[in-house]
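Everything below concerns the one structure shown next.
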Amino acid sequence: MIEVQDVHKGFGHTPLLRGVNLSIPAGARYGIMGPAASGKSVLLKLFCGLLPVDAGTISIDGQTVTGLSESELMPIRNRIGMLFQNYALFDFMTVADNVAFPLRRRGQLDEDEIAARVSERLRRVGLAGSEDKFPSELSGGMKKRVGIARASIAKPDLVIYDEPSAGLDPVTTSKIYDLLLADQAETGGTVIAVSSDIEALEGFCQTIAMLYQGTIICEGDAGSIRDADNPIVRQFVRGDLKGPL
Amino acid sequence: MASRAREFFIGVGDTAMNVARQVGGIVILFYEVVRALLPPRLDLRELMRNMLKMGYMSLPIIALTAFFTGGLMVIQSGIYVKQFNASALVGWGSGYAVFREIGPILIGLMFSGRVGANNTAELGTMTVTEQIDGLRALAIEPIRYLIAPRVVAMMLSLLCLTIIGDLIALGGGLLFSKLILNIEYSTFYYSLVDNLTPADFIQGLVKSVVFGTSIALTSCYFGITVRGGAVGVGRAVNAAVVSAAVSIMLLDFAVTYLLG
Amino acid sequence: MNPRRRIKRAIERVGARTLDFLSAALFLWSVFAHTLVGTIRGKRPKGEVVKQMYIIGNKSLVFVGVTLGFIGMVMIYQTCLQFGRITGDLSRIGHEFAKILVHDFAPTLTAMMLSTRVGAGIAAEVGSMKVTEQVDALRMSGVAPIDYLIVPRFIACVVMMVVLSIFGAVVAFVLGGLTAANAFGVNTHTYFDLSGVNFTHLGLGLTKAVAYGMAIPIISGYCGLRAQGSSEGVGSATTAAVIGSSFAVIVLDFIISAFGLIVLGEGL
């Protein structure tokens, strides 16, 4: 579904991504992990064309995404739902309007249906009844859950979650990942999750890749990631103090 | 209907209270800065660093502004020159307007927009990231170390910039009167020199010192009272620039009237 | 470092700066072009234009009133002082002041004031949205940020600039008259003489008001959209917006006034 070929991206004189190669099949639950500031969020933004690549190509469903203009990217983005790392909720709208925004933009449903879907989504993320609150009145965890609701409400083919469980307690984290699993079972779409929470990724994803110093150094089955050949990966996953990192 | 009227008055009252609180805060800051300056134990390095930064930072924009302003003065007088054939008065007219009013006001406004806003943004960011509290924890008094040098630096830089700006504005006037109104350089020059007194120039400089102090105090005040992260910093810069503009106009009138 | 490398490095730096400058200028131009297109054809949230008009207009009323009032007083004071010394005849003061207010000072000074208030406001709002990734979230939801954020402010600013310039002109003129009467004994009937104001003046003044009203939101919105980082980024964007807008006002004033003088000279 997503093909990433030899992508390079830097800021100013600092290179960040130095030749990333990925192939994410349709319908997969794919996880990307890596140390802080390794470029995970930047990579996600490159998928959606929010940032231009310095070199390389990215294609979604066979269609090349790199090098397209904003208006050409619109139909592609219609099929993608994204949760930003800092939630990026519109702080001048209520929670309900935030969650409904993607649906209203597509203009296919009437107001009653939209309201019903918004309520259902908010209930699923555990925020029933907060439709009329403003983002500034919510805690960080609550804002994250609103962001998840907004990303998934239009049942997109591809959903990208940047740190879906950071800052959430273990019980809520389990509920969130349960919800993401149920969503994916229903739509059959592709899910990409970026996280530093290895256990959650292991439980949720089928395949996990590790981004380190600008390239993908390892990609494998979630079940066997702890015993990977690469010592860097092993140290990262186990949280050992000793090792190459 | 009555409740609308009530809301209006509450709004007016709130605004008045806000303004009063801000003016009070700025006056208190002024008092604390003056206290920190006597006896004059100013951190000279901080002072020099700030002066360099502020002067260097604003010189290009002030120079360009002054240049175009000089030209503007000429264009405005151009109408009267054509009507009354008063080429001999253009030098005087431009010089008078620039030295006494337009120079200090426009350069003051540009300075407020560049240096004042930048200062508020810096202090605001420092407040938001708790660096000011950090200074206090290290037993360094923020007013003496951080604020007083900035206030003095802003006052002195604006003074220097106004002098430079005035001269550039006259240069621009000289050039544009030749280009647009066909007035000889010598006519312009003599008209200026013969009719203007040092008092005209000095009055403008007094204004720029007053403006500089006001801009410095407002920008520091709004910088250190920031609340609320990135959005708060933006709002503080907005408030600082607006307050500086209003105070420039008010003080301009006051000084003009007092020195008349 | 040997001199040849030094020269090479210097040229590279100049080249890089020029490229940066050109790409920034290009982006500014594209913001302008997109905004114009968006005004005619774009989709924007309902009621946003009116809301922005309220924010820009109502909230700046007192600010413009106070500043233009004081400027009016100062200008009349200075003029009376000088003319009193030279000719002693203050009868034409109001007549001339009205003319210059209409075709230059009212729109220009109002715009200088608005570039601080509105310019900083727009840059701060748009800038903090950019920095918290809300602008990216808009793009992800299929909305062009320019249509959604900048176009309503653009329309509102143009309209309000005209309205506020008129308001400012009135305030400055009236307060100037009061100053002339109180401090110099000028007869109010002699002062309040609008006979000199003709269509050329009105045309020039209106052109300036519209031009300023377009420049301020475009430049401030542009600065906001380029904000990066966090609070420092928003602060820099706001500073750049105020400076850029103020400078644009001065340059536009110069250009339009020069045009007026050279091309339409007789009418004035």
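Letters are used for the chains, namely A, B and C, taken in the order the chains are written, and counting of residues starts over at 1 for each.
Everything below uses one rule, namely that a contact is a pair of C-beta atoms (placed from the backbone, for glycine too) under 8 Å apart; a residue touches a chain by one contact, two chains touch by 3 or more.
Since the structure is predicted, the reported quantities are computational estimates derived from the model, not experimental observations.
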{"item": "Contact-graph distance - origin chain A, target chain C", "value": "1"}
{"item": "Distance-maximising chain from chain A - centres being C-alpha averages", "value": "B"}
{"item": "Core chain by centroid distance, with centroids computed from Cα atoms only", "value": "C"}
{"item": "Chain centre separation in whole Å, for chain C relative to chain A (CA means)", "value": "42"}
{"item": "Distance between chain centroids, defined by C-alpha means - chain B, chain C (Å)", "value": "18"}
{"item": "Distance from chain B to chain A - Cα centre to Cα centre, in angstrom", "value": "48"}
{"item": "Contacts with 2+ other chains: residues of chain C", "value": "132"}
{"item": "Interface residues, chain B side, partner chain C - complex", "value": "61, 64-65, 68-69, 71-72, 75-76, 78-79, 82, 96, 100-101, 106, 109-110, 112-114, 117-118, 120-122, 124-125, 128-129, 180, 229-235, 237-238, 241-242, 244-246, 249-250, 252-253, 256-257, 260"}
{"item": "Residue ranges of chain C touching chain B (in the complex, touch as defined)", "value": "63, 66-67, 70-71, 73-75, 77-78, 81-82, 100, 104, 112-113, 115-117, 120-121, 123-125, 127-128, 131-132, 230-239, 242-243, 246-247, 250-251, 253-254, 257-258, 261-262, 265, 268"}
{"item": "Residue ranges of chain C in contact with chain A within the complex", "value": "132-134, 136-144"}
{"item": "Chain C contact footprint on chain A (complex, rising order)", "value": "45, 48, 50, 70, 74, 77-78, 80, 82, 84-86, 88-91, 101-102, 105-106"}
